[in-house]
Amino acid sequence: MSVARRTFIQLGAGATVGILFTPTVWKALDDVSIWTQNWPWIPTLKYGAIENKPTVSKMCESGCAVKVRTVAGEPFGTMGNEDNPISGGGICPLCANGVQVKNSPNRIKAPMLNGEEITWEKAQEVVAEKLAAAGSKVAVVSGDQTGTANEVFSALLADKGSDAFYVMPCDMQAADKAWTGLMGGTGQIGYDLEGADLVLLAGADALESWGPTVANLKSFAANESGKFIFAGPMQTKTASVTSKWVPVPAEGMAAFTLGIAYYVLQAGKTADTADFGQFKAMVMSEYSPAKVEAATGVKADQMAALAKQLLTASNPVVVPAGPVAAHGAAFALNLLLGGAMKALPEFAKAIPSAMSRSEMLKADILEGVEADLLFVYEANPAYALPEKIKAGFTVAFDMVQTETTATANLVLPSPHPYERFDDLASPYGLAAATYSLGAPVCESSVDASNAATFILGLADLGFESFEEVIGAKTEAIGADMDALQGGEAYVVEGQTPMAASLAANVLGKASVPVKGTGTVGLAPYTLLNVGTANQATTPNAPCTISNNQLIGDHMVVMMGSATAKQLGVTVGAKVKLSGGKGECEALVQIFEGVMPGVVAAPLGLGHTVGDEFSKGKGDNVYKILTVSSEAAAGASTWAGSTVNVAKI
Amino acid sequence: MEERKASKRCGGVFPFIIGFLATCVLGWAVIPGLFFENEEQPVWFSHAVHVEGQGLDCESCHYFRDDGTYAGFPTNEVCAECHAVDPEEAMEAIAEEGIDPTDYDAIMQAELGAIEDNLASSDDDMLQAEREYVVKYLIQGKEVPWLNYQYQPDNVYFSHASHMALSIEDLAGLKKELSDVVDPSVFEGEAPEQNCNLCHLKDIQANNVPPAFERNILSGYSKTTMKMWQCERCHALKGQPNACYTCHK
Amino acid sequence: MSHFKEFKIKWGMVIDIDKCTGCGACMVGCQVENNIAPMTKSDPYNYVQALTKPRDDASNKLRTLTWMNVYELSNGMAFPEHETAYLPRPCMQCGNPACVPVCPVVATDKNEEGGIVSQIYPRCIGCRYCMAACPYHARYFNWWDPLWPEGMDKGLSPSTSVRPRGVVEKCNFCHSRYLQAKDKARMDGEDPMNLPDGAYTTACADICPTKAITFGDLNNPEHRVHELAKGPHAFRLLEKLGLHPQVYYVSEREWVRKQGDNYNADAGGHH
Amino acid sequence: MDSKLFPEGAQRCSFGKFLIWTAVILAFFLWGLYAAVLVLYNGIGTTGLDNYFGFGAWITFDLAVIALGAGAFFTGLLKYILKIKQLEKIINLTVVVGFICYSGAMLVLTLDIGQPGRAWFGYWHPNVHSMLTEVIFCITCYCTVLIIEFVPLVLEQKQLNKIPFIHALAHNMHVNMALFAGLGAFLSTFHQGSLGGMYGVLIGRPFAFREGFFIWPWTFFLFVLSAVGSGPVFTVLVATFMEKLTGKKLVDFKTKALMGKIAGTMLTVYMFFKILDTWAWATGYLPSVGLTFDEMFYGMVYGKWLLYTEIVLCGVVPAIMLITPSIRNRPALLYTAAILDCIGVSLNRYIFTVQTIAFPAMPFDQWQVYNPNWVEYASSIMIVAYGFLVLSLVYRYLPLFPQERELN
């Protein structure tokens, strides 16, 4: 037995030594380490021809002209489009994430009727029925500011004898109300930020979220000699690069502008309008620097200095934001200065019966919407306008699930901008009328269909598909389809603005600062990476959202140390902001770039529906905005919102 | 007592040698083979038929794109230039026949005109192979998942453009040094003007039935996947950089 | 032990802080180009995760994978003198890197023409010594396996391999774009070692709406960065530590330049 | 029931009692094991580490135990090379403690690296410039040496030793032990140093960076000194702790005092240079990079008090206590000094590991605070439990203390 054992041991020893003289062991070791380099659960890459296909992306409010990068036909990235003036090679953080949103599990996969998946044919029937029943009590809320899809929707309304076309509240609307409404001007106002030698951004956060942001940034960069000044309640990202920040409360912006106009008039500037004298008298008497200083807290000499700079500048421009009055005042000032403000001609319509853009901007959504049948086109009123919309039956078109689609009766999936025909007609703020077009760069990954095409199936508007409408549009404006599809834009220069009046009496009344009753003023601000009223933040963007907006699941509000002392709160303190009809929870952050007596809160957080990147992150500031009506201007505004702050 | 003698007699060496030899043989002859499993290409593709038969040259399928990248395997788009079956037509035909478009066998049995009329092959086997390709991939809009004998993982960036100038003739001088990097037989006889043989299957253009793809069961690599040291050896010999980022991504 | 290697080509960046609004487009563009997975808190495929803490979401700034990271600078003054600025921070690709000599397995090296500090994921063992060495916090660790929400991983960029958990990664100036640019040059019969300005540029520089980031060969007079880096307002981060970054910053604001290095003790730097 | 296995003429507690004792230890061990499994399965994300603190509790733990384990090589050196006879009374223990510390440290390291499957790359693709490479090599080699030093002790187990072959083997190994002791001393000195070098070479980290001699920054030598200045007394503490547990005398106080004296001397030398180094760093290097001494500290967590505790209370004080015979020869005071000494060196390792990377080099960056989570604690405790386990078994079955019989 002992022999056997020993033999066995020797055999084993021999075997062991033997195997070491073969590649076996070493090969196994090597292969194992290679295995750790290619774990099966780590996704692998796709290879093939790489192309950059031009199109438009409409995730940000003004839209970006982009090139979608594809490998073997599969989109993987988004880059800017040098050939297009609204991009010049750059894009915004939202559109930079376009492909990821396109592939998001949050996409709506198929038509849903009250939570039940249905076919497009069925959807067509349902809506047709509702449409017949609703008669003229049909309304449309559109989140699209630049698309020809709006023409289709408005044409449907016209067909039904309704004029209830609403856009989400935006500066384009306020500007139009002031310009065409109050001052009897024509065209769409634009600002030549690249050509101007002095730009006073009167509340317009132009280098972060206002207007055609990317185009603004491009102009800012190109405008080496020009001087940019930002006026507003907080030191926005715009203010971090402008040469100066003038602290002005949002509700005081109109008065502040007229305060500057005071010196400009004093210097003998005139405008060729019927009521110029009246206007001058009004400003001189009611908006003397002393009065403005008393009302807004902005030092008279500060306004004097600004006026001086504007007067010495050869091509200055004032860029307003917020209430109608602020826009009116700024336009008046621009007319006096005769600088880089432009009036853009509107592009010809593709559908004769459709509304003009100005007509689309008339209705005021803040006053509430009521209809039997409501179409919501890629807008999210349920999130940004709580309790403003009432409808018997709501049809929501969107590509991803939102608060609105969650509450709508019928949800119809839109193709992602990269999967459909769409266009960008003169985003508000550009100095020239600009038309860009987007064709699909890939097939839709879900059972989606273009909203406008669906609408065309409901009424005879002379077109079968939205693609045809786009074709008609390009024809109507006289642009070259191939050039447009190649990514170029069709551009018509803006003209010198002509106004019938300076709306003296209206501005006189409407420019008086109106403030809520809360303990501190509320300065809501928009950061594109946090999201807009219609588009929540995107998968990769949260990494770019700083802890000054969001910590964990808590929204962060910023205030100066003085305000913090006044409120008796410190950094990191958890507070409840109450204003309007709602409340918000937030953590306190000290930021000396906020005016005393003001709390700055980021818009776009606190979604209750959506993907893991936006849902339950922070709180929704739209809940605590107060709507005050600009009686004189016949409009309503969020400016002058105040809140009460309580520690919790 | 008995035991002692026993062990003395064979000195403990004999069994040792037995064991040693046994595993040596196993380790060299048998085990290495066990690391690999054979896989056939998704469809039978005969280079011979296309090159000799149809007189195609390499570039008609394997070419450089304008951006300098290399189109290794041809896409359906390229194949469809000859295999002119219109997917939409075919799919309609399938729909008419009431066949499930994913039921390949049924489609092939049905011998639909929309497909058959556009098949080019002469003999039956080839015809079947072509039909298989058309039905399973072309009309389905799916690219063929060809198996790459020279497969490299995602962390490797191989540039065909930077290697296109290499000539087998010049390299013949390094035949000895390269013996375990390049198959020596490549340097024998008249050197072709193209250098594909250096790394790819020798004279693949004349191949009729592609060999099986030998997949490493642990790493998933191809048996003929070039190892890092081989790339480095040649780079060193040719005075090319061996910096990490020369080849990795 | 810090051996300084000079290269004929020296890829570098000049970032104009006075043009950066901190919009974040560069960070998003970078993540897309380099297959950095969105940060997801829960892992539907890993049941063991439930036994321990969830993965991190993006608001935990100490766990992100932001090769390009934008810092917010403040001049520290009270209202109304307060000022802010934004500073994008890629990898500095130091001429004398702190991270390279410490790596025990040569997973990172500065040995290629162009002077880009390489980082080879399949070689990295994840000891994180290089992270401890880098004062710019330019190096990041894969704390978790990358996880794309359902369906999102079909749109991956072909330019960077996907990293498993447990390895370190960092900005590499979109290196595979360099390789591609060289291949293009070869096709067009140009010299791949003398690329024209703009033939090779990074995703962040590409996407930046204000073109605050300029990229090019610092040694090549034909490239804009060559001059920009020599400008009167140009500076580099922590020059006194002697790492010789290949990323330059420009700002006309003195307080911003002052924050590029430590000036609190007598022995001054060269500003 | 297992009394036949006990060392010659030694009394041990009942088997049942022993089982209970080991059960308790095992409980801790398993808890740590659970944590370790989580780490290996989910990744290091489960710990409290982050991008600012790539090094944390684990590395601190490793460095501390390796320093404290230095008793082994240093005592070995003195006994076998310098032939200090007296030390043979405790040499076995130092070897066992050393073995536990090093093997434990290596276990933690495999958890600590993100890709354990590639751990061997350290040998296959070594970077000769990296201090860490040196550490990897020396630690693994020295661990093998410790095993070799450990083996004869095992072979001397009563039953095993009856087998003539094994008896002979054990004897032979003893004879050649000097060789291994020398080898161990060499390896150990180097990696103790390299561990210090790891921090000293961090040009990007003003808190840790040091000038030096040839390729070795000063921290290299400081770490060696601090290790030999604390290792021996740690062994003394372990011995004493075991005496308290077992209620037996295991090592005569004379030997302990001698160990104290040895450590004390080294500690004094260390403190002299450490203070010199700190001063030079604060007044010479820091200003040269535009920094001040005060900027190196932050609030309570990373306050100056840490440094002062390390250098004065746990450095100078025990040094004086240990080199002053009158104090050293009082058991209570010797142990107090020893404890302070060990705390001091551990604190030193913590500060170099954590505060070094907590300091924000970029002026616009902020201090970050690191706190380990239960996973890191548990896995470290697992190692401690492992140590207890090994020591208990060794004590019960192996002739660990040559003096045990005569003392009891």
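In order of appearance the chains are A, B, C and D, and numbering begins at 1 in each one.
What we mean here is this: a contact is a pair of C-beta atoms (placed from the backbone, for glycine too) under 8 Å apart; a residue touches a chain by one contact, two chains touch by 3 or more.
The shown structure was predicted, so the numbers you read here are calculated from the model rather than taken from an experiment.
Distances from each chain's CA mean to the overall CA mean are smallest for chain C. Should one ask which of C-D and A-D has more C-beta pairs in contact, the pair is C-D. Rounded to whole angstrom, the centroid-to-centroid distance between chain C and chain D, based on C-alpha atoms, equals 38 Å. If you average the CA atoms of chain A and of chain D, the two centres end up 60 Å from each other. Centroids built from CA atoms put chain C at 38 Å from chain B.
Separation between the centroids of chain A and chain B, computed from CA atoms only, is 51 Å.
Counting only residues that touch two or more partner chains, chain C has 60, 64, 72, 74, 121-123, 145, 161-162, 164. Among the residues of chain D, those touching two or more other chains are numbered 115, 118, 121. Across the assembly, chain B contributes 67, 69, 153-155 as residues in contact with two or more other chains. Pairs of chains meeting the touch criterion are A-B, A-C, A-D, B-C, C-D.
Residues of chain B touching chain C in their complex: 64, 66-69, 153-155, 157, 159, 161-162, 164, 241, 243-246, 248-249. Against chain A, in their complex, chain C makes its touches with residues 18-25, 27-29, 31-33, 35-36, 38-42, 45, 57-61, 64-66, 70, 72, 74, 77-80, 82-86, 121-122, 145-146, 148-158, 161-164, 203, 206-212. Every residue of chain A that touches chain D in the complex is listed here, in rising order: 29, 32-33, 35-36. Remark: chain C residues 1-3, 46, 48-49, 51-53, 55-56, 60, 62-64, 71-74, 87, 96, 98-99, 101-106, 123-129, 131-137, 139-145, 164-168, 237-238, 240-243, 258-269 touch chain D in the complex. Only residues 108-109, 111-113, 116, 118, 120-123, 159-162, 172, 175-176, 179-180, 182-187, 192 of chain C touch chain B when the two sit together in their complex.
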